Amino acid sequence: MKLGILKETSDGEKRVAITPTIVKKLIDDGYECIVENGAGFESQFKDEFYETAGASIKNKATIFKEADVLLKINAFDPDEIKNLKKGQIIICQMYHRSNPECMQSLAEKGISAFSLDAIPRITRAQDMDVLSSQNNLAGYKAVIVGAYETTKIFPLMMTAAGTITPSRVLIYGVGVAGLQAIATAKRLGAIVEATDIRPETKEQTESLGGKFIYVEPDEGETSEGGYAKEASEDYKRRQKEAVDASLFKADLVITTAMVPGRKAPLLITEEQVEKMKNGAVIIDLAAMQGGNCELSEPNKTIIKHGVKIIGTTMSPLSVSTNASDLFGKNVYNFLTHLSDKDGFKWDLEEEITDETLIIQDGTIRKQ
Amino acid sequence: MDFTLSIIYLIASITFVIGLKMLGHPETARRGNLVAAAGMTLAILGTIFLFDGEVSTKVYALIGIAIVIGTIIGWMVAKKVAMTKMPELVSMFNGMGGASAALIGLIEFPHYTGHPLQISVILAGMIIGSISFAGSIIAWSKLNGTMRKPIRLPKYNILNNVIILAIIAYAVYFVYSGSDNYLLVFAIFGAALLYGILFVIPIGGADMPVVISLLNSFTGLAAAFGGFLYDNMVMLTGGILVGSAGTILTFAMCKAMNRPLSNVIFGAFGGESATGESGSTTGGSIKKTNPSDTAILMNYANKVIIVPGYGLAVAQAQHVIHELEELLVSRGVEVKYAIHPVAGRMPGHMNVLLAESNVDYDRLSEMEDINPEFANTDVVLVVGANDVVNPAAHNDPSSPIYGMPILDVENAKTIIINKRSMKPGYAGIENELFFNQKTSMLFGDAKDALTKVLSELKNM
Amino acid sequence: MQELLSFITENLQMIYIVILMIFVGVEVIGHVPAVLHTPLMSGANAIHGVVIIGAILVMLHAEPDNILALSLGFVAVVFGTLNVVGGFVVTDRMLEMFKKKK
Amino acid sequence: MKLGILKETSDGEKRVAITPTIVKKLIDDGYECIVENGAGFESQFKDEFYETAGASIKNKATIFKEADVLLKINAFDPDEIKNLKKGQIIICQMYHRSNPECMQSLAEKGISAFSLDAIPRITRAQDMDVLSSQNNLAGYKAVIVGAYETTKIFPLMMTAAGTITPSRVLIYGVGVAGLQAIATAKRLGAIVEATDIRPETKEQTESLGGKFIYVEPDEGETSEGGYAKEASEDYKRRQKEAVDASLFKADLVITTAMVPGRKAPLLITEEQVEKMKNGAVIIDLAAMQGGNCELSEPNKTIIKHGVKIIGTTMSPLSVSTNASDLFGKNVYNFLTHLSDKDGFKWDLEEEITDETLIIQDGTIRKQ
Amino acid sequence: MDFTLSIIYLIASITFVIGLKMLGHPETARRGNLVAAAGMTLAILGTIFLFDGEVSTKVYALIGIAIVIGTIIGWMVAKKVAMTKMPELVSMFNGMGGASAALIGLIEFPHYTGHPLQISVILAGMIIGSISFAGSIIAWSKLNGTMRKPIRLPKYNILNNVIILAIIAYAVYFVYSGSDNYLLVFAIFGAALLYGILFVIPIGGADMPVVISLLNSFTGLAAAFGGFLYDNMVMLTGGILVGSAGTILTFAMCKAMNRPLSNVIFGAFGGESATGESGSTTGGSIKKTNPSDTAILMNYANKVIIVPGYGLAVAQAQHVIHELEELLVSRGVEVKYAIHPVAGRMPGHMNVLLAESNVDYDRLSEMEDINPEFANTDVVLVVGANDVVNPAAHNDPSSPIYGMPILDVENAKTIIINKRSMKPGYAGIENELFFNQKTSMLFGDAKDALTKVLSELKNM
Amino acid sequence: MQELLSFITENLQMIYIVILMIFVGVEVIGHVPAVLHTPLMSGANAIHGVVIIGAILVMLHAEPDNILALSLGFVAVVFGTLNVVGGFVVTDRMLEMFKKKK
């Protein structure tokens, strides 16, 4: 089977779906690999590295022509879709539920498509879970970006020239990204507070040395398959009350709250931003899903009411080397789970295949 | 009494005390046992060869034969027995001692009829010896597996009390009446044996060590009564020493099991069984351990692997585990951490935790690298981990974690698992590892428990 | 009662010895690590085998033709020896695990 | 006495010499304060804050006219010097030894000038020591910048998608900045190594959990008044030998080595950079003094041989809030040491006054 | 002997053992003392009121008067004495006991001439009592300040040995000859007194507690000889108990001072003085302390302030100090850290360190805030800090650190300083705080020393 | 020599008592924290004041007209009382610092 690894085309994206190390493993397993030239450049993987690992470097057109399977991180753009051939298989993050038109045009090409973001959150699939691996890095990097952007330092320091009080970091949403953000901010010496709708995150926050702001949850289940459900209006009001005091003292706020398949919950209104400290920074990792902060805009940095608001999911992109490493490993695990060197197994009974195979030979299986 | 013999007895008494003292410390224990044994040998030889009276060679020969028989059997059995069978052997030997004491009483009784004091001493020795004998034999057969289930007659408590009171009343009457009816003595003997049996029968196998320890101190007492009778100092002191030390030991053992003695003995009558405690639903039985045993095991191990999990983070025990690791390393133990990729609740959770307490990166091993190493590992210490060591991932296709790679701690020689309870972890499933033969559970908050292990280790 | 009093007065030193020995026994066990409980019990068990001395004395004192006494005594000595020898040997084996490096 | 607090004019400078808190203390002590408008803006101190503290906000010209003492962080530029009046006193960092012309023009104005960078390194003067307080922040921020710029994360992480090895950070020069850099990088979970010419820094490095690369020092004293002396050629050779292995493995290199009154020692040649890892980052805090890395240029970021080389002393500037706090406290301590509300003491016997008073009434005292 | 009295003596003996045992644990110590005192009272009353023979009222009256006098004086002195003078008082009381034993011998001697055994017992009691008496008085006067300098005659060692050998030889001869020369007894008495004096005179004041403990066990021995003489069990057991416990205690004290006993006693003859050890050049004298005393002091304090310095970082003892702090807090002690702005080697050094071990930010106090608090602080624990607590910054204008603000730990009630040696810190200057009356030095690497303190604390 | 032997044989129990008491003394002190050394010494000091019983016996045994014995005995009792009373009281005072919360 011939795998084609494409260079990412979206703006600012520095990662690559497969790293030279993984290429080597795939080739050892009997796969063939062709890599688009410059694909790994931004993640510090030179073309030579791929060649040493056993891949051949080709241009985009050749890859589209020769490959049986096409690998990317982000969804294929219309240009790319045009070049697809019937019977080819593509693997990437498609977010199929929010992109029905794109699914349509893919189906028309008569290809098969697996979506990596649809991998179910089951224990067995943990090593293929790209969301976890990338969100983890996002949590780390969000704190680094925050530390870089604020005009204060994080730790407490008692020096001859006076005492610097520690920065206060507030984190909304204690999922994978939130937890890593707590850990990193704590490491740097900040006072860290966090809140989440799922009550089990209290213990998790504390296990990392953070302080949890507890908001009495709504009645009934707050989560489903590891993900949060949407919060009630009443919950939102109570949450504001509980968190406001911390928000108005915070030097850095990182928001990561998301509900799968929906717009991200709105947690910080403009009114709240107005009352925040002059010079505070908000990093909204949910900006692409509509943002947890009313003022945030995707991939933009805004200063309003003395507060710098950074809307991004790009954080993992900036640690592209590690992010690509992990992504590649996930894809490798996914690929070897679904196929061997001679082809795919198409075992539709199997949960992971079933959940991720969005389009099969031009038929859309999942909506 | 002959002067030399007195001195020999004195020396023997002292060796008993010193030997027992030395037995209380891991480094000196073995030598202590030898010290006491030497003193015992001295006392026995002295008794035989420095005897004042006229003794026929026949008797000497008999004694010699008896000793040779006892020595050979005792030696062989003790040498051959498997490690796991030792407690039952101790019980058996204890029974022998009790029987010996009872027999002495039985023999001596006719010589002393009419001396109320001596008779009471003889009766006391005989009764206690018999109880100890019968009880030990039952304990032995329980440990042995011959007698499996605790047997419970109705109104046990009352029945037992009635019997013992009857024995005492009868003995008192006997002394006062000055009777010399040999048959009656046999009756008492029989009643005591019965009581011994009834005493132990309802107690569960897991509590046997405590019972043996108690019977052990009984036998000591019986020996001391013998010493009174013959005005023999070494029997007296040796017996009393074992009597008191044995009693304290019994309490210490109960304490280590976190149960009062009364619960062990009388709890049995209440119908509560020792294994009933495990709180598990699979019905398998678990072994509990304590900080001190854990410490000893690790101290004398060559290689220890620590498996941290989410519980370590919850307890914030990272500093303690690091201290523990450093101490073990300084004692020449090889220590590694086995990090499962999804241990904890976020990727790298264990790394963050252990880096905070400055654990050397070189001591952390990834799952693939460490899995083959468990086979030659003496002790695995699992701290607050659960799913990541759950063999269901290998064995049980219906389990939600089936197919996840796990740390193969099962292959290690001994497994110690620290968690607070038998509750499941994140995946919400039972872990059969806890019921493994090689596994001991160290219950308690990780920080508390490890702190205790650490201080036990320091005292070694 | 009077008998008891006089017994006590006569055997006063014996009583001191008993009481002191009890103290010694208690103190000696003091804080023993739990893992030593079993060997310690086993060692103590061997020590109370001292009852064999009583058994030997019985035999030494017995008339050479008192078959009952001699045979019971014989059994008692065998039992006692078992207790002593077996006790010390099994204790030693239990303690083997404690040899090794410091 | 009327103190004039000026807005900084140099490019990229975000700090301010005196913060509102210090203004309040000065006013309590009986001084008068006038602050240039917008002076604290970049450090998150709004003009209102100064007014609340008791200062009056004026424009630059007014301040130059009214103030008895003029306070700034950086040296006065020619424009400013023009506006000075005879008898005025100025306080700032002048680096008088490297700026003789500037001294000359100041002297011509007949003013008196205290230089803050000339404060002697004696215990008593620790609370006025602006170099220490600013270098400390520089060390912290250098690591944050490094973490921001690299495409890897710092800590070791063993995850379902594979293990991320920890980043390796190498620090040249274990002075104030170097130590704080070690501490911060260590906090973030990197493997930290450091080297210095002064052997006593070995213990100091280890006291922060770093690994010291020991280079046999030259014969004789290696330091003087707490500062390093210049290294011999032989030392430099031995240093390279010892450090190279670490350098070629490093993901982030921070250089802080300086010798007072001289060009910073050259520690990393282009040849060495060539052998470094693809994607590595060098932050040269000595860039203004000539740089510890051959390729570094002040206030520029260069990518060469796959290595990103950032030449800066600006690190503390980006944590301007705290940097201003500490700087202000230093200046306050300095000011109250030299003067009271009625004027200066001019006690030239006293070591601190003597060392810092570069120009007295138009006469240059120190060269 | 009378039955009741025997039982009373038995009870008294037991109270002594139990009392002493209880004295060994901080929580029970006080009650232990009372238990022993109660037993003693019982024994004394019993002796007087249950005496068998005919006694004139005059003698009773005399005894009564003597006891009243002794009680009043003893009580008053003991109640009034200042805390710091207690050790010398103990020495004095010990001397009284010795004198009492010696006097008994002196009085009883004429009654027993011709019974070699009794005479040897009498002589032994008298000699030992006298040595203890004379030695204690010298020890008292040394502690008291009356006798300041150790006095050293030439060839001390030989002289002393000659005297003691002469006394023994003489006593042996006396017993064998069966002499009844009362004067000779006085000569032995005198010689023993002389030996007692010579024994203690060369030993330095700092070592007196060890000497007193040794003399204490001597007096115990003398009392035991009295017990032998009168066949009095309570004297015998009490005396032996103190004799053996006192000896062990003496060794324990030497061990706590890290010196062998021989060094304390004979080292004196070598011309080495206890204060010579301090290794300081200012010639002031320092007090050393040990982990166990440190632990007790902190455990029973209301408020403890920890002053960390560069040494804490060098030793990487941040985790241990945090554990210590947590334990103290859990025991109800108020604990704070006083952070000096330039402690360590970089700004914020202590903050980095303590944050690593998760010390709560709220427990850290800045210098200005905490300085007024030292006055109501029971214990200041200075860990690896030096310059930042050096009072020279206030007092000595010529010092390079003059004018630097420091932490005013001097104002606290007790100061414990942990460092490895008397070496100066960064500024390279002596620190007179170490020689302060209120200061004790806890020498050793911070991590080691604090770990020991911690485990002592845990055992409390 | 013979005398010694017979002495030992006669007083065998006494010897046991002495030896056991020595064990008890040693064990009881065991691991006492150093800060208790001084109070413990002081307490032990008070206990050996039991010598006062000897002094009382001397007086009780003395002829009412044996002035020497009576006066020496008187002094011995005073001394002994001082030892006992002073010893216990001063120990108690030393131990005052250990009262307080757990």
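Order as written gives the chain letters A, B, C, D, E and F; numbering starts at 1 within each chain.
By our rule, contacts are C-beta pairs under 8 Å (C-beta built on N, C-alpha and C of every residue); 3 or more make two chains touch, one makes a residue touch a chain.
The shown structure was predicted, so the numbers you read here are calculated from the model rather than taken from an experiment.
Touch-path distance (fewest steps) from chain C to chain D is 2. For the pair chain B and chain F, chains touching both partners: C, E. Under the contact definition stated at the top, the chains bordering both chain A and chain F are B, E.
Between chain C and chain F, two chains of identical sequence, the interface residue sets overlap for the most part, with shared numbers making up over half of the total. Remark: among chain pairs C-E and E-F, E-F carries the greater number of C-beta contacts. Taking the mean of C-alpha positions as each chain's centre, the chain lying farthest from the centre of chain C is D. Placing every chain at the mean of its C-alpha atoms, the farthest one from chain A is found to be F. Averaged C-alpha coordinates put the centre of chain A at 38 Å from the centre of chain D. Between the CA-based centres of chain D and chain E the separation comes to 56 Å, rounded to the whole angstrom.
Between chain D and chain F, the centres computed from C-alpha atoms are 74 Å apart. Multi-chain contact residues, meaning those touching two or more other chains, occur in chain C at positions 13-14, 16-17, 20-21, 23-24, 27-28, 30. Touching two or more other chains at once are residues 17, 21, 233, 237, 316, 341-342, 347-348, 352, 356, 358 of chain E.
Under the contact definition stated at the top, the residues of chain A that touch 2 or more other chains are 126-127, 132-133, 136, 155, 157, 159-162, 164, 187, 189, 209. All chain pairs that touch, listed by label, are A-B, A-D, A-E, B-C, B-D, B-E, B-F, C-E, C-F, D-E, E-F.
Of all residues in chain B, only 1, 3, 6-7, 10, 13-14, 17, 21, 233, 237 touch chain F in the complex they form.
Contact residues of chain A toward chain D in the complex are 14, 42-44, 46, 126-127, 129-130, 132-133, 136-137, 140-141, 144-145, 147-148, 150-153, 155, 157, 159-162, 164, 184, 187-189, 278-279, 306, 318-322, 325-327, 329-330, 333. Residues 155-164, 166, 189, 191, 209 of chain D touch chain B in their complex. Taken together, the chain E residues at the contact with chain A in this complex read 339-342, 347-348, 350-352, 355, 358, 361, 364, 366-367.
Chain B makes touch with chain A in their complex at residues 310, 313-314, 316, 341-342, 344-349, 352, 356, 387, 400-404, 427.
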